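Okay, handing you the structure first.
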Amino acid sequence: MSDITSSAFIREDLVAERPAPVKTTGFIGLVRTRLFNSPTNILLTIAGALLLWFTIVPSVKFLVVDAVWSGNDRTSCLAETAGFAVGACWPYIQAKLPQLIYGFYPEAERWRVNLTLVLAVVLLLPLLIPRLPAKGFNAGLFFFAFPMVAFFLLHGGGLGGFGLSWTAGLLQLFDDSIIGAGQAVLSLSKSSSIGPLLWVVGNLILLVGTAIYWLIYPLTWLRDQLQGTGQSVWTDFAITAVVVTLIAFFLGGGVRAGWRALASSIAAFVAVAIIIKLMGLDHGGLPIVQTNLWGGLLVTLVVSVTGIVTSLPIGIVLALGRRSTIPLIRIFSIAFIEFWRGVPLITVLFFATYMLPLFLPGNFTVDGLVRALIGISLFTGAYQAENVRGGLAAIPRGQGEAAAALGLSWWKMTSLIVLPQALRHVIPNLVNSFISLFKDTSLVSIVALFDLLGSLRASFSDPKWSTPSTAFTGFAFAGIIYFIFCFGMSRYSLFVEHRLNAHRRN
Amino acid sequence: MSTEARKPPAQIALKIRRVLGGKTGWNGIAVQFAFAAILGWIAYEIVSNARTNLENQHIAAGFGFLRNNAGFDVNQTLISYTGSDTFLRVFMVGLLNTLIVSVVGIVFATTIGFIVALCRLSPNWLLSRIGELYVEIIRNLPLLFQILFWYLAVLAALPNPRQSISLLGIFFVSNRGLVVPSPIAESGFEAFLAVLALGIVASLALRFYARRALFQRGHLIRIWPYVLGLLFWLPLLTMLVFGPPFSFELPQLKGFNFAGGSRIIPEFVALALALSTYTAAFIAEIVRAGILSVHSGQMEAGASLGLSRGTTLRLIVVPQAMRVIVPPLTNQYLNLTKNSSLAVAIGYPDLVSVFAGTSLSQTGQAIEIIAMTMGVYLLISLITSAVMSIYGWRISRSLGA
Amino acid sequence: MSNSPIVKISGLNKWYGEFHVLRDIDLSVEKGERIVICGPSGSGKSTLIRCINALEEFQEGEIVVDGIELGPNLKHVDAVRREVGMVFQSFNLFPHLTVLENCTLAPIWVRNIPKKDAEINAMKFLERVKIPHQANKFPGQMSGGQQQRVAIARALTMNPKVMLFDEPTSALDPEMVKEVLDTMVDLAREGMTMLVVTHEMGFAREVANRVVFMDAGQIIEANTPNEFFANPQHARSKLFLSQILR
Amino acid sequence: MSNSPIVKISGLNKWYGEFHVLRDIDLSVEKGERIVICGPSGSGKSTLIRCINALEEFQEGEIVVDGIELGPNLKHVDAVRREVGMVFQSFNLFPHLTVLENCTLAPIWVRNIPKKDAEINAMKFLERVKIPHQANKFPGQMSGGQQQRVAIARALTMNPKVMLFDEPTSALDPEMVKEVLDTMVDLAREGMTMLVVTHEMGFAREVANRVVFMDAGQIIEANTPNEFFANPQHARSKLFLSQILR
Amino acid sequence: ADAQTLKTVKDRGMLSCGVSQGLPGFSSPDDKGNWTGLDVDVCRAIAGEIFNDPTKVKFVPLSAKDRFTALQSGEIDVLSRNTTWTISRDTSLGANFTGVTYYDGQGFMVKKSLKVNSALELNSASVCVQTGTTTEQNLADYFKANNMKYEVIAFGTNDETVKAYEAGRCDVFTTDQSGLYANRLKLANPGEHMVLPEIISKEPLGPMVRHGDDQWFDIVKWTLFALITTEELGVTAKNVDEKAKLENPELKRVLGSDGNFGEQLGLTKDWVVRIVKAVGNYGEMFDRNVGAGSPLAINRGLNNLWNKGGLQYAPPIR
């Protein structure tokens, strides 16, 4: 050993690496360093092990060891017949499985549900795998084409018209309401002290209404003519296609540069035509299955997927509104967001289910499932708005300035530069919202929609399967399904987060 | 030739335009008008439709119904209530039931949440895995699912009152809930209360004194033995002197149910249990993130100054972690309060259940009742966010950001 | 037409709240002229240049770019921005787009040029800044100098009549400053009209027609570089130069 | 007593898992000695210095600080830490406390000094690092250089016998390096025993009694600064110096 | 908007009918979602007379507390869901009862093992009840009147209430007697439970429609009367075609070959034929769903025709 205290020291031969005197890696290292390295830790380890022992062992015993695997009714799951204390009663799940998945969806039509599910998976998987190309196209298919196809597949029914008829109908509705308002004011004027003023206002509104009526008259006339012909859908479709395509062409830059818009418009319409033809939407489509027959996992998935697809745009619009400099829009967005975030979802569902119809015109009914969907979408939309706002705030100011300096308008800047980056930032938060949305769908069972949990509860009251372990078995089954979906999503969000972070680092 | 700084021109017109229309000026005003028109139109449609619909159906409008007799009973009331009380009273009963289950839920959720967070942060591998398992399982199952599970599955597994499980012969668990002895004040009650209050005040004073002693004279005083004495031994002593402060009315099986004692209904237990375990999983993650957000250098800096581990935690790490923890924690408290409305699924008489549920179907006045219910929740969350933003503002000020 | 200046600023005044940042600025820039703006920090150089591009509004005065008037209430903003390219200190490339996409975005969406043509055009400019082979990388994968050159190429793809540079080299590591300055010198040689805020006096000497010295929100001195560096007139300019030229 | 070294490290070995970070370190530091430790990144400098302060445990060897022994299983940790002050690269000030509170926390809670006295004492040290007027600011309101000087003052308030510095200037902007180094030079002049990990060779030349060069977890060379810089013996030291002195 | 329900129904091509979420004998779905029961048959009868197709009904299962809102909002056209006729419901809810399909009264069910024989022995019991019902209010009145204490546990749906009773959450389950019998079938061991003799209230159950549409009100009301009248006349689903051919003046009036009563209702002349073809007469309906021909096996009792000692009485069709 050289004397280090002397001021000069030079190491002649380097010390070689050698293994540590005690093992600190591998299983033994783990046991030594993280389980039994101090008296307190030993105690904690023992306590933990006991805890696990008393939870895992009974669970496994219930789910597997003591379970009954086959049978036709409750008797096979009773201790008297089985001869031992029965755990899970799996034949009950087997018997109720169709109900838990499809609800009362007619047996002969269930292939439609399966097909929709397959379509969803086929479209969703490539969207989730970051390596695959053509994300934009794929997302377009999933977010726009798929919901329509799924609607006609699941619900059935066909089209009575197309774009033109719809536009005409919508405008007419609007006009009717204006005329209605005018008449209301007129009738008020008879009893009011400011009668003459109201009379003038009422007549003015009526005048506007009548003007609009004549303005849109060609459109409504055309619609009525179309509806008269046998081929209303196709004629309407053709007219709509031509009009929309032309508009796209000229807005896209006309002869100079509009070819891209032209081509994509034509492609979109051809795709729509193929779908209409394939599903026979022009002559009634598939037999209608009313939504009150839907149930089980089907409803859970429909509600959550619709919620996911619709809440994001709502959230984006609200988030942009909240950052707008236009006072009314900002105030409205803030009030809207804070309102939905401040009330429990269940009251929102009550509101949508029982009060929405009171606010709609008398002859206008909205399907029960759709009402719940509206409530859930608005509710989740408000939460998504806050997520998106976080993302927007994280974009440096320079990005917007650079885009402005290049001459991009506010809309283009927002949609091409700001939003893509903002959304990328907040994917984990968005996915977390989706997870809570998926879990929250179970609340629709309180407003008499039979989702997975609702169907499960309904199946509990079947005396044919009433045994002491029925409820536990049902909960175990539904719990596993919920867990698989939610856990899958949360893992996926972690994966995306890691990828994003890795991307940001270099 | 340098120009002096001047005041900016007034540009009043521009400023007005800004206020009215935002950055885009006239365009903004136009957009606003269009937007206001659409909003107005929608509002008009809603009001006029609701009016015609209500008129057609002869539904009475207004809040007059609140003074009518409710005519039904509620099985858990914190204030006295009978079937002949008014709907307003029902509203209060429901609100109080919501608040009590929320408060209990919050207390337990916080406790469990901190414990689970500590487990997850524990150097013990097994314990941190168990914590993780808990969080992952609980977070990924719907709350309603868990409420129903605790209520239906577990309730079904409990015996009826005649065979109830007795703990020490004074607590009884059955499918009617948990029956505990109810305290009845005795002669020593006042003395006991007085001494307890004294103990608490003295402990606080002691803490204050200890701080001062440390800061002014450099005396570090260990106060916990004294506090223990004040809060535990002293009341015990008074009990010996003045006799027991209260006796317990023991529950006894009589007829169908237990007579005497206080009963906690299973709906409450299931709801509070589900709410607190569910929220605890989220709180655990928040606490963990908060503690991890305190840079490890802070702990090291404390250690290198010679501060003990406990002192470093108490004076350095926890205050910093709390800043990160408190805002999302409040959010969770709010969520828990809102989630307590799921009581309606298991028949616990909370606000939504007895007011937006039973009262609504007895009176049919959906608009008023739903509006009142939503309003209450909205009020709670608005007040909370107001308090939170004040808190946030104070923090950012004290950090000098 | 070529007689009239391409950028003409007259009587420009701007306030941030009560703070008078730009005071009575008059400046006109002829076509093909290359102006370097310098001055101490906080003197309002960035603000001036951002006003020309309508990134900031101003309260008094007038800016005319290529015959288009930009008044206090920002009319014709889009028209002006289409004629003016800008390069920022912090690059401000779009991180979610590749280099090529960065350069084709504006031509496609603002000028409605077909994607193919826009890409061919963009590659031309990327070659000019000497990074054509990096076209498919993301900005995050490139060095600062390369990013700034992409930013220059991106501005050029819109065929601006005037280019504005706001301290294009000050966020760069020293090794990279030169590659960016070289690019800018090339650009100047080709006759581009340029307004450059910079402290790189070598660059000013080499390419500027005129050096404008600002302080406290006003133009203190404007002169040819030779005159300005050799013989500053104003006391503040002297002080400033003594600090900056070691 | 003054004969025996104030820090004596012998046969120190440390592993991170399988990785042998510190190998057979022997080093003793006399009272008043100022040692600079340098070496390439990852060579174990920080680890060594953190072992002295018991922030890391080690598997073999012994560290004795002022007669107190610190074995592999970390006995006497508190006693040692009370004698040793440490300054970190990233300051590690407590952000929720004012500068003054940062400096009085440990004296009050560890040494049980009355608050008044602790504050008077702290102000003395804050004056020494030349920021007494900032005493009531929060760390977040100060520049990096000021923060690091507060960190030094904070360590000094405990009257340590040895001060450890782990790259105290490497997280600072160049303008601020000097103010911190000046503070450290002052400290050295006053006779404080110091172990400094740094790459500031100017500082090493000016104040160090000895420069210790580490690589791959071992001390390769230790010598007076003059000798070491003028005439490095070991191949690795030569290579390292050639890189670091331009 | 006054007289539009019939038009709305016709336009929709579907009658929207509110029923209970599952009460055997009155309205309950099987595993495939086919609805059966007395209340269900009323809906089918209405659909039958309008569309001549009893399957054109969309059944909307409603819990007790949602039912009126659903009716008010127009989500359903008729509420046929064991609902008690009371004055407050008739007046303040904006709805009208159209008649009585089943005369009922509230009763109690207990486990036999409790060894209780009368409702008066129920002091301090826990009682499960469905929320938002008259039952809930009757219960309060009854226990108060008899000076007994009790604990009420109220649930949103019938199934939840039964489930809680079965799980032992309460000692007593109370609802209309018909409901007690029906729900007893849902229990795992029906034999272990008994219905107590006391009937504590009058519970006339019947369909409900919205206020303000008299035409629709008439249609539903006279559907019930037609069901009873046909039973009086011995017209059944099997023999209706033969009966229609008979030259009996009353039969001719009722079955539509004489007079235009159907058209006056806004329907077709053969409206009664359509009804009977759809569901049979009241007696058949009763038998099939709750009476002797069903697992419930409830006696006709009060629900017999007026001329057989019961209360079912229909005004003449003329």
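Order of writing sets the labels: A, B, C, D and E. Residues in every chain begin at 1.
We adopt the following convention: contacts are C-beta pairs under 8 Å (C-beta built on N, C-alpha and C of every residue); 3 or more make two chains touch, one makes a residue touch a chain.
A quick note: this is a predicted structure, and the numbers were derived from the prediction, not measured.
Separation of chain A from chain D in touch steps, taking the shortest path, is 1.
Where touching is counted per the definition, the chains common to chain A and chain E are B.
When the C-beta pairs in contact are tallied for B-E and for B-C, the bigger tally goes to B-E. Among the other chains, D has the CA centre that is most remote from the centre of chain A.
Among the other chains, D has the CA centre that is most remote from the centre of chain E. A rotation of 165 degrees, rounded to a multiple of 5, brings the CA atoms of chain C into register with those of chain D.
Each chain gets a centre from its C-alpha atoms; the one nearest the centre of all protein C-alpha atoms is A.
Separation between the centroids of chain B and chain D, computed from CA atoms only, is 48 Å. Chain centres here are Cα means. That of chain C falls 83 Å from that of chain E. For the pair chain A and chain B, the distance between mean C-alpha positions equals 29 Å. Counting partners per residue, chain C has no residue that reaches two or more other chains. Chain contacts: chain B has residues 52-54, 56, 152, 156, 344-345, 360, 366 touching two or more partner chains.
Touching two or more other chains at once are residues 1, 66, 69, 72-74, 156, 160, 163 of chain E. Across the whole structure, chains are in contact as follows: A-B, A-C, A-D, A-E, B-C, B-D, B-E. Those residues of chain C whose C-beta lies close enough to touch chain B in the complex are 13, 15, 17-20, 23-24, 59-60, 72-73, 216-218, 220. The part of chain A that touches chain E in the complex is made up of residues 74, 99, 103-104, 106-107, 290, 292-293, 353-358, 362-363, 365, 368, 446-448, 457-458, 460-461, 463, 466-467.
Residues of chain E touching chain A in their complex: 1, 4, 8, 16, 21-22, 29, 31-33, 58-63, 66, 69-70, 72-75, 156, 159-160, 162-163, 166, 185-188, 190. Contact residues of chain B toward chain A in the complex are 19-24, 28, 31-32, 35-36, 39, 41, 44-46, 48-50, 52-54, 56, 122-127, 130, 136-137, 139-145, 148-149, 152-153, 156-157, 338-339, 341-342, 344-345, 352, 356, 360, 366-367, 370, 373-374, 377-378, 380-382, 385.
On the chain B side of its complex with chain E, the touching residues are 52-54, 56-60, 71-75, 82-83, 152, 155-156, 158-160, 175-176, 254-257, 259, 265-267, 344-347, 349, 353, 357-358, 360-364, 366.
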